[in-house]
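What follows is a set of notes on a single structure, which appears directly below.
Chain nomenclature is as follows: A, B, C and D, assigned in order of appearance, with residue numbering initiated at 1 for each chain independently.
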Amino acid sequence: MKTNSTIQVRYAETDQMGVVYHANYLVWCEIGRTDLMKQLGIPYREMEEQGMLAPVTNIQADYRAPARYGDTVTVETWVEDYTGVRVVYGYSMQNEAAEELFSGRSEHVLVNKTSFRPAALKKAFPEWHRVYEMAAAGSADERMI
Amino acid sequence: MKTNSTIQVRYAETDQMGVVYHANYLVWCEIGRTDLMKQLGIPYREMEEQGMLAPVTNIQADYRAPARYGDTVTVETWVEDYTGVRVVYGYSMQNEAAEELFSGRSEHVLVNKTSFRPAALKKAFPEWHRVYEMAAAGSADERMI
Amino acid sequence: MKTNSTIQVRYAETDQMGVVYHANYLVWCEIGRTDLMKQLGIPYREMEEQGMLAPVTNIQADYRAPARYGDTVTVETWVEDYTGVRVVYGYSMQNEAAEELFSGRSEHVLVNKTSFRPAALKKAFPEWHRVYEMAAAGSADERMI
Amino acid sequence: MKTNSTIQVRYAETDQMGVVYHANYLVWCEIGRTDLMKQLGIPYREMEEQGMLAPVTNIQADYRAPARYGDTVTVETWVEDYTGVRVVYGYSMQNEAAEELFSGRSEHVLVNKTSFRPAALKKAFPEWHRVYEMAAAGSADERMI
């Protein structure tokens, strides 16, 4: 399963190079994750309220073409891997001309909100665990096809 | 009492106009506040740890000349007014050529961290209350001179 | 004429207070302006391409209630005043519960892109001038009713 | 050659997790680059004025421990590789307790400001080319030791 999120590029997101500042693509990835999790039935806001956080542990990003103010960017997001304690998301971004702007992945560890210690999702939230497993399996299948 | 903070303008703070994006001056005001409070002996980090927050309730800002990447900006900060529950800070920013870039004020209400309800500093932290009173009185004196 | 823009609050826009960082409301105002100008037939992107910039010269902002991650915020934007060289926009923001979060105004001066000197819109772009005049007059009428 | 940059963590850089939002570490990398280039005698501001840009093409980042508001973070930056058209910088960040927070690398392509096409530094700015070559060689030597 993949989610498509639509981003209207903000003036605040540009820098004096006349294009979007590179760190802002990571914010767009976060929007993709929020939308994907909502669609999977695991709203991140609720996950935090239930006492779990998912801080980023690794980022890999390729910048292929610049986005500009006024552009409409589509962020495609999917679960690339899931181990019970770690989730890896994949991302691909395109502009309106179907030009690829960005591809990347982010790795997250699931931790307890108060202790910041890794926590197994399976134990605390078995349903969410199953959803992540299925989402990761789905992506693997799509890659095989 | 006034505090001077020094800011090296970041590339990330510019926009495609080739100058600093206007919202970032508010971040520099926050740096000025942090430095002033530290100097007054009321580090904001500690204030939060003790259960008080100081969210912004009002901003007034005049932008006089643009700051650019590579500039060194000086932020002058002072306590303009204090009522026991509200604190007003004043700001003035200059570049290396002593050109005034920005002047403004921010109003903050002191609230309890968990309830977000206004809280009188006098009751909870009488020493901090006294420091704010003196700082506000000092600014008033300077204005009279 | 008023425009309504819809904002999905981003995780990146929050701070450790657990609510949206105050400077980010100015970014939302900019989204409101972008949408209003597009609706008026003066897309800001095109205005810049034609050699005009509209940097912010003054901000006044009242923060009434905090926005949170996951909230949907509506930004209402209108032209409050127009003098030929200066444009003032007004803003009001609400959350889904129709609670007012923010009200404010931003003043902009129209300048030449290369010289950064004030430029009369009437001379360079008479049609845009007329549109602004009508938009400002419309807001004035609404205030009188 | 390595440069050390000192960062005072800003309140604006935190998110509701209570720690620094992950995209902001990329901004700190940019501060490290700015400082390193200045020390190498290739101020990035001047490079842009001379008609060259160095947009980011790839980011790799490992987040090891969170930075918090009030922390002082040291960013160590060096030239990891240089090919004449591409520059790779390496980064390592520590807090005051000498705990490693972040390590990463960023790849940049040198392009012409107007065409956004790759440009060989050697031809346009032979001196800067030589400095980059020496800096990259120096890092390689240090790795061998």
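We take it that a contact is a pair of C-beta atoms (placed from the backbone, for glycine too) under 8 Å apart; a residue touches a chain by one contact, two chains touch by 3 or more.
Predicted, not measured: the structure shown is a model, and the values here were computed from it.
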**OP:** Please state whether A-D or A-C has more C-beta contact pairs across its interface.
**Re:** A-D
Subject >> Furthest chain, CA centroid comparison against chain D >> reply: C
Original post:
Using CA atom averages as chain centres, what separation in Å is found between chain A and chain C?
Top reply: 30
Original post:
When the C-alpha atoms of chain A and chain B are each averaged to a single point, how far apart are the two points in Å?
Top reply: 35
**OP:** Using mean C-alpha positions as chain centres, tell me how far chain A is from chain D in Å, no decimals.
**Re:** 25
**OP:** Please list all residues of chain C that touch 2 or more other chains.
**Re:** 11-12, 16-17, 19, 23, 27, 69
Original post:
Can you list the residues on chain D that touch chain A in the complex?
Top reply: 16-17, 19, 22-24, 26-27, 48, 53, 55-63, 66, 104, 116
Original post:
In the complex of these two chains, what residues of chain A are touching chain C?
Top reply: 8, 10-12, 27, 30-31, 34, 43-45, 69-70
**OP:** Please give the residue numbers of chain A that touch chain B in the complex, ascending.
**Re:** 11-12, 14-19, 21, 23, 69
